[in-house]
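Below, chain A partners chain B and then partners chain C, in two separate complexes.
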Partner chain A sequence: MSDIRKALVDIVGERGVSDAPEELWFYSRDPGVLAPHKPDFVVAPKTAEEVQKIVQLANREKIPIVPMGNGMSLAGLVIPLKGGIVLDMKRMNKILEVNPMARYVVVEGGTSQGALKAYLQKNHPTLRHSIPDAPSTTTIAANVSLHGQGRLTNQYGFNSDMVTGLEVVLPTGEICRIGSPSIGPYWISKGPTLPDLSGLFLGWLGCTGVITKVGLKLYPNKKIRDAELFVTDRLDLIPHILYKLTHLEMLEDINVWFQPKPLMFLGNYHITIFFTGDTEEEVEFKRKMVWDCLQEYMDSKDGGFMSIQYMKPMLLEMPGRNIADFADVPKGGGFEYSGPIAPIEHFPQYAAKVVELAAKYNVLYASTARLISGGHSMMYSISFAFNRNDPAMMDRVEKALDEATAFALGMGGIPWKPNFKEQKMLLEKMEPNARRLLLMIKKNLDPQGIMNPGNWEVNA
Partner chain B sequence: MTYIRHIEHENIVHRCFRCGYCKFPSDYSDFNCPSYKAFGWDTYSPGGRMWLTRAWLSGEIETSARFAEIMFSCVACDNCKDQCVFPRFKDFLPDIFQETRAELVGEGRIPPGVRDYFKAVAVSGNPYKLPQSERGDWAKGTGLKPYTNQKYLFYAGCVGSYDEVGKRMAKSVGKILVDAGLSVGILGGEEGCDGNDVRALGEMGLFAQLAQTNIEKFKAKGVKEIITLDPHALNTFKKDYPGLGGRFQVRHFTEVLAELIRKKKIKLKAYPVKITYHDPCYLGRHQSIYQAPREILKAIPKAEFVEMHRSGPDSFCCGGGGGNFFTDILGTAEDSASRVRVREAVQTGASILAVACPNCAKMLSDAVKMEHLEERLEVLGIAEILERARK
Partner chain C sequence: MVQLKFDQKVCASCRSADCLLKCQYMTFSGHKEAHGEMMKVMKGKDSRVLTECVTCYACEEYCTRGNHPFYLISEKREEKGMFTAPRPITTQWKNMTQMQGKYLVGNVKDTALSCCYLPELGQLGTGEIFKDVASAGVFGAEFMCPAVHSHFARMSVIKERLPVVIENYRKLGVKEVICMHDECYGTLTSMASAYGMEVPFKPVYYLDFVWQRMQELKDKIKPLGITVAYQRSCSNRLIPDKLPVVKKIFKLIGVKAPKRKYQDENALCCAEILRSVSGYKLADDVQKRNIDDMLASGAEYCVFNCPACQTSLSEKVAKRGLKPVHIIDLCKMAIGEKEREAAS
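The block that comes next holds the complex of A and B.
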């Protein structure tokens, strides 16, 4: 391996390569419950050309490569299951271009969500991107490669739907532009009107290449954001309430959440409704529409709006820093969730399942669902917290999550950012010809099988 | 020999989620952890240190030069403490890193630069290995007299006493205090190292000796009120000395100068210049003193004060905190904190970068040279600026 080390140092310099026990230990794991596995090297490239040379080397030597952002999927997606090289992409963090009129930004893949937010606030305050609820350190490329979501997902779909072009280093080492930037200077379309090649990379979790640049749609950043919180104890009414809210076609984001702690939240379902406007008049109009829309549930005393003055700053914060708090509820530094994408009509069944699993495995739950594309589907998070010093609890959480995924698949849901075990469950359920197509794509793009092996491994 | 490792807050280390908020300032505009910024590995971030400390305490990783470098590259700037999203344990992050360094000191496995620093302080009483007799030389020409029974003791600290940039700063403060008619004296050749950075680097035995010696000396001389040049000294005098029986009224020189300006004891003339200000970590985040330096700079007629993008509680460390001023583990590469910071200062359009700490003054002065910004940016102590603006 010393020759490999030397070759890597030749590409990225001494400060860009580590095989020290400290880095190997740290980069062998993520904050979730899956077991760690050590890489042989951690490498931090600064340019696409460096990535290209690393991939070419890995190809020659048949060394696995795992591209990594901040490693916060919680699903073990950057654990190097078969060793090899973890590519820490966070040094590729330049914001390259903003086209304000066409409302897009081009960034290097390792750019953090937080840095992009700060950059837009400072330089283009009328523009915003869809900020995920993940910590601000998470990266743009990682987010789109796992079909992440954000604050604008209810309006505009998955964050990967907002991609306007990609630069990718293919598993065989070619640097390839995807979408309109393959034709001309503008990053305005990831696919249409061309065949949409972005699907070869988005959702593939780094198994088909390394995303080095991302074009991303930007959206109007309205001057005022506000929120209302509707509360009901009637689980059966949630899909209807959501359906009515989405019919308004004017809401920024809709989240449904419930949790057993603190006790004031127990037994209720909370729907946080976000809306925006450029004037008070616009905001108040939207607020009135929301209230009118849900008036019937207040008349029947099935629900009502909760006063949220004290919690509004927390609700409106992007990203929501309080979300990480869940990890410390059992004073143990961890939580993990299964996040199936499901029709909103299944909300009651999923909600009941969360409670059932938490009781069965004696773990603490919390759940937040987000509407996608105006209610076309929802991401339903089944979250369990654990104490990192309690391996038995971590084991119970892992089992509860496995069972949650099996349940979701049984309900016709699609697991979001599936871990390697969930991927296997998915592939077993997948229609055989679709599975063969996946295999064909993976084999052709990555003939040596070096890209994030252990993930999306398709058996013919 | 096998060491049984233990740190006081080891029951907390597993609670870090490694979410990474600790790396940023509150607006996420850039990485605000100097060691992460300089080295670029997650292991050099606060979350990395928390996870590695846990692995080290449990024996999953061994003590190594790399592990020691990771721990000693922390500059104790406290940004992580302010930005961590876990209110129930965030305040203990710097303690955990300091305790881990202390354990490494106990094992005797520390970087050579740290070892040499301890040695120099232990043997010579200062990190420069210069004679104690020269400690007060900086005060020549200021009018400052040896402390007898004056109201205030002006404490210069090691950098203010021996480093050229620090001495210039000490001199300007001393002169203004004297000219303003303050009853103030210095210990000169009798002054000892305050020990703040010795403590930050984990040599608790040496720190206790230094602190006890200082406390006894202060008490013997009847010192009640201390004005410090160095925010590092201010920090340990206020935070650590009371626990060792040293209870004194301690203020930073910027607080005193701001008061003197308010009382019209310092009279200022027009000085048309654009100034930005760098918050020292031990003055700002550690002691929450943000306004006094700004009050002084804003009081200068015709001077234009402008903030850097990262300022106040979000300020980016110069890289010289936590003993790194002497050990230089962060190094001087392009992404080293001091170089990043002077580039940020230049972006404001200011021609003067004001500082309130001799360590920051030296770090940033050197960085200006490394960045070839001598024609565009001058690093000056706040009192040095006042010297130019005094009537």
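The block that comes next holds the complex of A and C.
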């Protein structure tokens, strides 16, 4: 091991390597319920070439290697299940290029969401990216590699759909550009009109390579953002309401949520509707369109708009912090969720399941769903809060989440950022030829099986 | 459970039908139709009043015979299982104001300063004006007047909770409660009386208290010399006899409130509740007419008495160039405790 340590120090310098117990302790866990597992080393490269050398070393020595952004997936995706090297990418945090006219940015693989947001606000205030509701320290590369979502997902799809090109270090050490940057200087397309190779990396959770650069689409940043909050107590109406809202084709983001606490939220389903405009007139026009399209539910008294003046600053925060507040309701600051992607018509069944599981396992629930691509699907967050200092409660949450995932799979849903257990469930359910294709890709790209082992482990 | 004391004979013999004829949100051809509709309400029959009333409370003031037409309309709506606002909004308000044992009680002796369930009132009840009572604040659902549920035609909630609120004050051993919100004072006087509830302490209207204190602080007053428009709250309709104290305070601190089309009895409501009950079209129309009228009067400030009105209208009046300010802050400005800019 001392040879490995020395080799790593030779690549990144003394300050870029650690095997100190207190640091390994932190890098062995994430904030979710899964059990920790210690890495042997934490390494923080500064360049793609350093990443390349580390991967070549790991490949040669058959050492597991886990690329890590900020480690906030909650699903244990960067817990080093088989030890080895955690590759902390946060020192690769440069914003390399903004093409304002073509509306894209190129960032290094450890650039955080917050850094990009701040950079754009300062230098390109008319542009924005799709900010996920995660801490600002989470990274763009990690987010796209797990098919993350953000504020613009309703309009433009998963954040990974917004990728315009990648630079990756393959498990065998080659540095490879994907999409238009493999042809020329412009980061304008991750695939079309070429064979779309980005699918070899997006969604693979670091099992097929290390993303060292990401090109990402930017979008108009309107001057005004506003929100309305529609509530109904009729679960069966939710898909219809969402259908009407998406038909407007003008909303920034749509979230559906329900929770038993605080008491004011009990018994109702809440739809937060975000919209933007460059003028008051534009915003008011959109607001009226929203109200008009839901008027029939007001007339029938089945739904109405909440007065939200005092909640608005919280609702309009990017990223939203209310999830963190929820995590601390049972004290101890923990929460985790199963996040299946499913058709909007299944919302009632999922909502009923959340309540059922919370009662069965005696845990506190909150559920938030986000519309994806104008309503083609939704991400249902089946969230349970827990006290990190209460192992029994954490165990109940873990069981509830496993059951939620099994339920989602039974309903034809696809678990979002699945943990290693959910991945196994997915693979078991997957059509055999598709599974074999995954295996072929994984074996060919990562012949030594060093990349984030324990995740997406496909058997024939 | 307590019952509304409504005298059918008073209503049957009414020659004015002002309760409905003066209504700014419903129109009637004349006495015959208005009186007829009220008779239908009284007898529990279907009436368009039950579907069209926007719950502005004003008929409580228009009825000069003290027969509580608004409470009756609300009772009848509930009896028929009707909802004014959408059902989930009604539920939300009921849940939000549920007593959960999370209340604050200050150093209360003979007097309590009721901050209802509105945190802003605690901020307002400070400084020289409130120096002797600021520490006696009480806050929380346990001390909140439940009158808001009349907007949702859920008088049962009021009948269930108001006795508990009164009892909570009684347990504090107070002789008087200064109500910082018109709704609280209106509930403990008009509403409690209408339902025959005994209030074992003296409710004090906060603007009476402010008026008293400002007289005591007369030497500190520097006339503001400003022109304002006053936004009358819906709950002020429950206590119309208290309207003149606003004018007395304005005069004392050198504030002009030029005559407006929509003032006093003709005042328009802040319209936030209309948004819930009827949708944005009526609410926007009412707010626009109201603010247009404020501006036409030459007002520089829009003065609020109710924090809910202030929340509803502040941004809108500010966008039109008026400075939103609570009447207490206006008084604090007059005695030099608050900068004028701070109110804008």
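By definition in this document, the second predicted complex is superposed on the first by the 460 of 460 C-alpha atoms of A that agree within 3 Å, B and C clash if a C-alpha of one lies under 4 Å from a C-alpha of the other, contacts with A are read in each partner's own complex, and residues count from 1 in each chain.
In this text, a contact is a pair of C-beta atoms (placed from the backbone, for glycine too) under 8 Å apart; a residue touches a chain by one contact, two chains touch by 3 or more.
Since this is a predicted model, take the numbers as computed values, not measurements.
**Student:** Aligned on chain A, chain B and chain C: do they clash or fit?
**Tutor:** On the shared chain A, the partners fit.
**Student:** Once the shared chain is lined up, is A:Ile341 touching chain B (first), chain C (second), both, or neither of them?
**Tutor:** After superposition on chain A, A:Ile341 lies in contact with neither partner.
**Student:** Just checking: does A:Met264 make contact with chain B only, chain C only, both, or neither of them? Give me first, second, both or neither.
**Tutor:** second
**Student:** Could you look at A:Asp302 and tell me whether it touches chain B, chain C, both or neither (first, second, both, neither)?
**Tutor:** Touch partner of A:Asp302: chain C, not chain B.
**Student:** Tell me which partner A:Ile79 touches in the superposition: chain B (first), chain C (second), both or neither.
**Tutor:** So A:Ile79 meets neither chain B nor chain C here.
**Student:** Using the superposition on chain A described above, determine whether A:Asn389 touches chain B (first), chain C (second), both, or neither.
**Tutor:** first
**Student:** Which partner, chain B or chain C, touches the larger number of chain A residues?
**Tutor:** B
**Student:** To the nearest 10 degrees, what angle do the lines from the C-alpha centre of chain A to those of chain B and chain C enclose?
**Tutor:** The vertex angle at chain A equals 70 degrees.
**Student:** Thinking of the overlay built on chain A, is A:Leu120 touched by chain B (first), by chain C (second), by both, or by neither?
**Tutor:** In the superposition, A:Leu120 contacts neither chain B nor chain C.
**Student:** Would you check which partner chain A:Ile188 touches, where first means chain B only, second means chain C only, and both and neither mean what they say?
**Tutor:** Once the two structures are laid over each other on A, A:Ile188 reaches no partner at all.
**Student:** Considering only C-alpha atoms, give the closest distance between chain B and chain C in the superposition, rounded to the nearest Å.
**Tutor:** 16
**Student:** Spell out the part of chain A that touches chain B in their complex, as residue ranges.
**Tutor:** My answer: residues 15-16, 18, 20-23, 25-27, 31, 42, 44, 70-72, 88, 90-91, 112-115, 117-119, 121-122, 135-137, 321-322, 324-325, 327-328, 331-334, 387-389.
**Student:** Quick check on the complex: what are the chain C residues that touch chain A?
**Tutor:** Interface residues on the chain C side: 83, 85-89, 91-92, 95-96, 98, 100, 272, 275-276, 279-280, 311-312, 315, 319.
**Student:** Okay, in this complex, where on chain A does chain C touch?
**Tutor:** So the residues of chain A in touch with chain C come to 231-233, 263-268, 280, 287-288, 291, 295, 297-298, 301-307, 309-310.
**Student:** How about chain B: which of its residues touch chain A in the complex?
**Tutor:** By the definition above, chain B touches chain A via 14-21, 23-24, 27-30, 39-43, 48, 51-52, 55, 60-62, 64, 66-67, 70, 85-86, 88-89, 309, 333.
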